[in-house]
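Each of the two complexes below includes chain A, the first together with chain B, the second together with chain C.
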Partner chain A sequence: MEYQIEAVELSKWFGEVVALNNVSIQIPSGVIGLLGPNGAGKSTFIKLALGLYKPSKGKILILGEKPRNNPRILSQLGYCPEMDHFVEEISGYEFLYWLARYSGFDAKEAKKRVLSILERFKMTNKMYDPIATYSKGMRQRIKLAQAIMHDPTVIFLDEPMNGLDPSAREELIYLINTLSSQGKTILFSSHVLHEVERVTDTVILIYNGRILAFGKVREIRDLIQNHPRKIVIRTFEPKKVYAQLSIDPNITSVSFDTDEITIHTVDPGITFKLLNDLIVEDKISVLSYRCADEDLQSVFQYLVSTHIPKGL
Partner chain B sequence: MKICSQFSSIWSQPIYPKDCSKIMIMVAKKVKAVYLDFKTSFLHSLTITLRRDRFILMAIISVLPVMIPIFVALFSKTLFRENGLEIFVKLCEQVYIHTVAPLLALFLGLIGIREEVDSLTIIYLLTRPVSKFAWVMGRFVAYFLVSAFLMIMGIFFTFTSCVILGSLHFDTIGIALMLQYIGVGLAGLIAYGSISFALGSGMNHPIIAGVILFFGWEKLANYVPGIADFWTVQKYLDSMFPVLATQRYNRAVISVLGSFQKELYFVSTQRAIITIAVVMITFLALSVLCMRYREFTKDRVVGSK
Partner chain C sequence: MPVYPFTYRPFEGKYIRRFRWWVVFSEEVRLWNKSRVFQLLFLLGIIQPLIRFFQVLAYNSAMQDPNHPLAPLIRTVTWLKVDAEMYYHFIRLQAPSVLILLLFVGAGAICADRKNRLWEIYFSKPIHWYDYLIGKILAVCFAGYALTFLPSLILMFADYITQKNSSIFTLVNYLPLIWKSFLFSSVMVVPCALGIIAGSSIFPTENITVISVITIIVANTTLAGLLSNFLKDANYMQISLPVAVYFMGQKIFNITRNMFFRTEDISTLNILSYILISSLVFLFISIIQVRKAERG
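Up next, the complex of A and B:
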């Protein structure tokens, strides 16, 4: 099997901070989600793959070659950065036109490609307006347009859903699926699991600069299902609530505040059902309840503590 | 029959005509690719620079000295008539070559390249198959053409205002004098511009460094003639001025003081031109190397400095 992206003992550090630590991975073609909380090393990995960073240790190969300062490889890469980096005064058309020229197209071909991609992204009516006047969604579309207009083989999308409204998200998902059906390799980074799930069933989990897992989303979901949850319940009768909940063997710890009770449960499903019964059947006044640690960060911490050997 | 025998000793395999033509085609393709990158970089840089506010600011600054002879003529006509040539020379040397040239390099060269780095639009460029050499050269040529245009316009209009109102004439001597100052001005743009490009692509705070270098070090070092001033651009530009500073208005002292000064403090015009060329090549090469090997993206992982 030929790998599109291959990292061998890849590390990157900035001063004393290790951004990526001894990563070895072989990524085949297709759509791959790069999933991890903020600061996990997703962008660093992408930038190393694009040759924007030089590895501190190890190597990364794209299509079998090192990407840094390699025009042959760079001509086959597309990149949509996470942040907005624009010359605000110029128009979207002009921005894309010059990037098409830098991709090696002559003036006529560059113009043709830009008009075509702007039409595809429904930006034709605003194409001569300065980028400064564009909304967040329009800026995102321009970034995506420049990433694919030169027909690259491997496309890196760094948090592409950020700032997109629901309809634009749907369009992006459709675009990714279309590109995937054309045989492109797409590495799609995100810190939101359900975003990645909608695009691909293959993910790389990255945390603290290390690859935790590389596999199917389903397997990750199974791991997350077992993640013990912290539930915070606001009520005027915390003792009553505690008395009722204490019968649940899934609850591992409880702590009180004046009008708040915090519990840890290994099976949130059963605990939530019990809470509903308390409210509906026992008429206990519960102002609100919420899961305090459902974010990806805590899920990753859980995965690290339970599934990664100590010392890694 | 074997040809290209000079390569045979280098490579273990002999090279046949077919291989030679392949090499030639490869070289031609590479040269064409570099030329296309250069052209794109040049046109891009030119279109962006001409629309910048700082281009308008520099155009105004470049033309402002024209007003000086006019004001002098209006408020002190006699004085101006007596010193028309001197005013033109002083304006060229002190204003255009010592001040406007480094300002143009800072505003149109350094800030131009820095803007790309600071706004991180450079990452789009670095992820495209562009020759860094061609990119730097394209930008440099665009900078040079724009700033040369402003400098030539400024010196020409200053000269014209002096001709109309003062003792300078539109004759062979006058035009030769103007052309010589334009030449020195362009040499200044090349030297200051290449240093600006290297600063812009290689340093984190290039504007501060540029101001300190061009308006601090350059001025201070000239107070120590014969020692520190050899490490300034101004020294070599001054050496290319049409007439040596102390003997400019008194032909009697040319032979004695002039030659003594030339020995001690001045370098020859030829040496000055070579030095400027070396400065240009060195700093542009540095700029290309910085573009090739530096990491320009700013976003770092959480917790990094």
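Up next, the complex of A and C:
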């Protein structure tokens, strides 16, 4: 099967609020980042994919089938929700045990899997404590454990980094990479862009219920044809550098600092070539230079800014 | 959060695809089974069965031994007699315990899941909304039967083994009584459980559910009492659901003595329909609420 997730003109509205608007997308296997600010429609998309919501219009297929009320598909999906969803008074072990039973395992297998996953997540010593006593990080581990303990094919992680300390984040990144190497499809939502960038270079940008872009970060960057890009040049003679670079008509603006010059260009290829030539010809002295907006944050900001109507 | 590469092995066994409600049922029963409040309420609920148990033992030994010191007393006190009417009174008197226990186990059955946003997790698993609802309803009903029908069976068994001439064939004699006890228990437990589950699916917290259910029962019975007083017709008491349930119990156990109504012209079919329609309304409310949650 080529596509793991396929949405066709998918829309979901709650009363007058349109959460997802006519989304058509085909998502192959691998780790995919679902990026967007709060309220963009990330969670709605995930819940539609899990069959938790009924589409208002269009359809969504997971592994080629509609997920809603489809136990065959649902047993192949894992879901780590954004918010806490616990029975606070029971232990982590018990909570996972029942969810394993809900996934269709018999009592013996459920017990085996829960003990195994709790051991792997280093939760064994706290597994009989009530969930109410767990820290945020431990709760997050329980949520992750229930999402993957039944060996799903497609895993939806809704803001899984929330509340994790740096080492736990590293472990989660390792976990995602491990699952990915086992052939799992992981849809990983976040509004913190550098988190996603560390896990995958394939992203879906979502905003206001619409897909802004889908592809490799670099491919998405290529979509930004007319937006000036920022280059920061460290030099002791910024004015001289600017004087030499001013012949490039692609440069749209310049700002100076004591040992730095920041330029905006609509064609970084030409500007970089000119910069290289000037350095090679020894016409300017440059300590270093870099593209300041190569990260996803700026890509996202550019794309969003082009889609937000002026005045909003 | 240490994670190792080979954590997630594929399952080679067989997934349980049918009777998923059994998991919901088991989870629910295990959850409240651990609660001390539940244990206390259950203990209070089995006080009457214990007393009845001794009544059965005393009655049978006294009746079978004419020289027993208690024999004259037991022969003269009619309410000590072990017969079908005793089982009727036993189940009827269990009603307050059943209501309290069912309120405890059922009031949070659905609203606690909603409050804890557990629906999202549950319905992301291969489970249908009806598995969920059936599991919840059966768990609450089970608690009710545990205080009515199951003790009745134990009492019947105690009666059977303390009979002098008991044999495997005399067991058959208990079948009508078992059936009657089951019917009366069901008439009492099922509407009560469905009403509480419906309340739990509508109201936001356990406390509000408990208060609302009690208020509705009191209001329903008060209205029936007021109508029968003002209109000088005791038959209006049939509007009260608890009275209707007791009345059905009388009919099931063929107790001809009218305990609640002025005349015998009360239609059993009407009262049965009233109980059935009330139960269906409660069930319908629960279905709508759970479907709404499941649809998102």
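As a working rule, the second predicted complex is superposed on the first by the 218 of 312 C-alpha atoms of A that agree within 3 Å, B and C clash if a C-alpha of one lies under 4 Å from a C-alpha of the other, contacts with A are read in each partner's own complex, and residues count from 1 in each chain.
Note that a residue touches a chain if its C-beta (ideal position, glycine included) is under 8 Å from a C-beta of that chain, and two chains touch if they have at least 3 such contacts.
What you see is a predicted model; the values in this text were computed from it and never measured.
Asks: Quick one: on chain A, after the overlay, do chain B and chain C clash, or do they fit? Just give me the call.
Replies: clash
Asks: With both complexes overlaid on chain A, does A:E171 touch chain B (first), chain C (second), both or neither?
Replies: After superposition on chain A, A:E171 lies in contact with chain C alone.
Asks: For the three-chain arrangement built by superposition, which of chain B and chain C touches the greater number of chain A residues?
Replies: C
Asks: After lining up the shared chain so the two structures overlap, which partner does A:F86 touch, if you call chain B first and chain C second: first, second, both or neither?
Replies: both
Asks: May I ask you to decide whether A:G15 touches chain B, chain C, both, or neither, giving the answer as first, second, both or neither?
Replies: Only chain B is touched by A:G15; chain C is not.
Asks: Figure out whether A:R120 sits in contact with chain B (first) or chain C (second), or with both, or with neither.
Replies: The second partner, chain C, only.
Asks: Considering only touches as defined above, state whether A:Q146 meets chain B (first), chain C (second), both or neither.
Replies: Both partners, chain B and chain C.
Asks: Just checking: does A:L50 make contact with chain B only, chain C only, both, or neither of them? Give me first, second, both or neither.
Replies: In the superposition, A:L50 touches chain B and chain C alike.
Asks: Contact-wise, after the overlay, does A:G41 reach chain B, chain C, both or neither (first, second, both, neither)?
Replies: first
Asks: Quick check on the superposed pair: does A:D277 touch chain B, chain C, both, or neither? Answer first, second, both or neither.
Replies: So A:D277 meets neither chain B nor chain C here.
Asks: For A:R72, using the defined touch cut-off, is the partner it touches chain B, chain C, both, or neither? Pick first, second, both or neither.
Replies: both
Asks: Of the stretches 20-28, 56-64 or 164-172, which one in chain C hits chain B?
Replies: Superposition on chain A puts chain B right on top of 20-28.
Asks: Under the contact definition given at the top, report the residues of chain A touching chain B in one complex and chain C in the other.
Replies: On chain A, the residues that contact chain B in one structure and chain C in the other are 47, 50-54, 69, 71-72, 74-75, 77, 79, 81, 83, 85-87, 90, 98-99, 101-104, 106, 146.
Asks: Looking at the complex, which residues from chain A come into contact with chain B?
Replies: 14-15, 17, 19, 38-39, 41, 43-44, 47, 50-54, 69, 71-72, 74-75, 77, 79, 81-83, 85-87, 89-90, 98-99, 101-104, 106, 146, 209
Asks: Which bits of chain A are touching chain C when the two form their complex?
Replies: It is residues 47, 50-54, 69, 71-72, 74-75, 77, 79, 81, 83-88, 90, 94, 98-99, 101-106, 109, 113, 116-117, 120-122, 137, 141, 144, 146, 148-151, 164, 167-168, 171-172, 174-175, 178-179, 181-182 of chain A that touch chain C.
Asks: Across the complex, what residues on chain C touch chain A?
Replies: Answer in residue numbers: 1-5, 7-11, 13, 15-17, 20, 23-24, 26-27, 30-31, 112, 116-118, 120-129, 294-296.
Asks: Show me the residue ranges of chain B that touch chain A in the complex, using the header's touch definition.
Replies: On the chain B side, the touching residues are 33, 36-37, 40-41, 43-44, 48, 51, 115, 119-121, 123-132, 292-293, 295-297, 299-305.
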